[in-house]
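Should a chain be cited, it is by its letter among A, B, C, D, E, F, G, H, I and J, assigned in written order, with residues numbered from 1 in that chain.
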């Protein structure tokens, strides 16, 4: 089941530099891990911004929330989730 | 080059039913045509809405505008375009 | 799987009165039908408005879209869907 | 009498960790207590966010405000309250 | 129980003049009626606008919705309802 | 002359607790004082929020600003003022 | 007493051309009349728009509403009123 | 003197086709004319939209308004004007 | 050439009190100076707020920016500038 | 390929003054460098604000993001990117 997810990341400028570096490294590790699991099939940078637009493929809402809230930068993100369905004009949906 | 495109379609309720049917059929034809060309790799229905979220893959801004404005429902859409770049944590970007 | 759905209905004032009456009657029939199916467990009127706040319980995003777009007033609604998950402080989630 | 309540929680990143832990624990205790009282019949996590969508069932506006402002995280929340009424197409409202 | 209500009225310019006159007259009659009933203690014109800011005093959400939707201009209004409680610094609330 | 005033109060979480207590006590004193003067005839708590909706009755714009800016929490408030006029359907305005 | 007033005018494109011409001429007459009365000391065109930014000088809120609603294009305007006070750094306010 | 201008054009779908064709042709003529005059140095299409982003170079606000309101599609546009100044880091501004 | 300027001032609560006092005094000095120069013909307090609505009269956009950015509180303001033109119904514009 | 870019800069007031001076100097150096490269053909100050409106000319979305994120003040900016195409009424586009 597909979900469109937009994440806007905003790190406070007075965050301790070591904690920042640790968080950012842990974030990348977790992002790669979730992609390897197959639940995060699309991940794009929004040009000019520090956030991303993603598509998640998960079996349920609860699992999607669990994956998103497992991200180390979770508390510094604004996340917006939009459920997706197959479009009737999608080539893959044609008989 | 990838672009995130959101299209919100709003057909006036007093549109002539024949014209509506023709437009909707022509729209689907053109949507399939652009997908077959390879410039419209992702197309999803937004759950509960009559619009879509798409990703286009085109060589330039001018070509993207030409493709979008060739859609038969073009004059009844609100379209919002967001340029995308490769994300440094994308699995495909890892060395 | 639960989804929070807000529907705002806006019928054009120049809609033919007979068509309006038919649509409104058909809408109520379909609303009752979906409730009987068990996919629409909560339906509330927003005080002072002609829309509703609802909770749907469906197996997938695709089915949710199919149910929503089957409503006779579908083309006169603005619909906003928010996926819900179990809250860790929900009484029902306690060990 | 039913009210739709949306709570968005935002804890400052420089809050003392001990105070944070105490507040979060106290919050959960109070949330369970209000659910046991029967005044908070529905509580859902919004997927991807740290807030919730809830339905309260209280005898009056004043009591609703008293319950909400008794939450330990009250000063860190943005709360939006929408009064609900029975919907005429609610299955439970049919004769 | 008090509710703050803001009504913004917007009559279509192509409404039949007779129907408009009838609606406006009926609206005023119903407004006076509800005030005489005691459920609409405050009614003010917003300077420069065709709407009003009001306070209703009703025993329940359901009754408030019934009163508001009984207004003849109901279908031409945008209505926003905000529940009110006693303020702890209200002079009338002092011991 | 009546004015609708909405005040949204937002105290910084790192404000010194003693200063906070002094400010809040001083605020309540001033609120009572202005009500006794007769310039603040209505004061309501917005359910679920730390602000209020009020009606002021003052002889001029300048005096309204002087009263509002004399509140001890003035620098922590967002204040929105809407001028009110007598509504032609107000029961008190009928001949 | 001064009020900042912003008027945005929006005439429907299908308004009868004669009625439009009459309304526009009557509007200008009334605008000049109110300026001669001294209640409309400032009137500016917003560059690129069909509306205006104005300052009114009136003895009361009720009179301001009466003047504004006497404009022939009143029903085609969105009007926003902001009460003004003397600024403490205004040269004219210096001792 | 430079001004950033954004024009969003919205032609009503029920506009007479002949009038539409005439207006669109006249609009293009006037756009070319103003460019030849040198007052409209930059004109770009916003990808996916029927509007444009432009830069005007005019001696005064009054002349800018005169040019903009001389466009044949003027009554169908929403126009937003932002005054520009030389940027201190502009290469052309370096000593 | 006239420009409508709205300034919203927001001083951080943890600003050093001496620096705050110096800045506020310097701001008033500069405000009076610019008024004496004749470039700031109108300055009004927005009732209930810490900002102002002003009209500037300057020969160019560049000079307007230079004056605005010379204000000592410049870095604590949100400033919005709207170019003004003579209104065709302005009494002063009549033949 | 052209892109419209708006940058709004917001430096925290408690940033260390030396770090601020270094960042601002480095920012100007990088801005000049990118202009010399030819990728930043237009750069304007928005009157009354600390941001800019720019046009970039780059071969791809990825390069645009690389240039923007190389700015020393990058983490203190809100950046909004809009892709541009040739306008059919651009004088340069005429046959």
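A few points about this structure:
Assume a residue touches a chain if its C-beta (ideal position, glycine included) is under 8 Å from a C-beta of that chain, and two chains touch if they have at least 3 such contacts.
These are the chains along with the protein names UniProt gives them: A, B, C, D, E, F, G, H, I, J = Muconolactone Delta-isomerase.
Values in this document were obtained by computation on a predicted structure and should not be read as measured data.
Listed by label, the chains that touch subunit D (Muconolactone Delta-isomerase) and also subunit G (Muconolactone Delta-isomerase) are E, F. For the touching copies subunit C (Muconolactone Delta-isomerase) and subunit D (Muconolactone Delta-isomerase), the fraction of interface residue numbers used by both exceeds half; the interface is of the same-residue type.
Across A-C and D-F, it is A-C that has more C-beta pairs touching. If you average the Cα atoms of subunit A (Muconolactone Delta-isomerase) and of subunit D (Muconolactone Delta-isomerase), the two centres end up 27 Å apart.
Taking the mean of the C-alpha atoms as each chain's centre, subunit C (Muconolactone Delta-isomerase) and subunit F (Muconolactone Delta-isomerase) sit 39 Å apart.
Between subunit D (Muconolactone Delta-isomerase) and subunit H (Muconolactone Delta-isomerase) the centroid-to-centroid distance comes to 50 Å (mean Cα coordinates, whole Å). Contact with two or more other chains is made by residues 2-3, 14, 45, 47, 61, 64-65, 81-86 of subunit C (Muconolactone Delta-isomerase).
The complete set of chain-chain contacts reads A-B, A-C, A-D, A-J, B-C, B-H, B-J, C-D, C-E, D-E, D-F, E-F, E-G, F-G, F-I, G-H, G-I, H-I, H-J, I-J.
Those residues of subunit I (Muconolactone Delta-isomerase) whose C-beta lies close enough to touch subunit F (Muconolactone Delta-isomerase) in the complex are 11, 13-14, 45, 47-50. On the subunit H (Muconolactone Delta-isomerase) side of its complex with subunit I (Muconolactone Delta-isomerase), the touching residues are 1-3, 60-62, 64-65, 81-86.
Those residues of subunit B (Muconolactone Delta-isomerase) lying in contact with subunit A (Muconolactone Delta-isomerase) across their complex are 2, 4, 27-28, 31-32, 35-36, 42-47, 52-53, 55, 82-91, 94. Remark: subunit F (Muconolactone Delta-isomerase) residues 3, 5, 12, 14-15, 61, 64-65, 68-69, 75-76, 79-81 touch subunit I (Muconolactone Delta-isomerase) in the complex.
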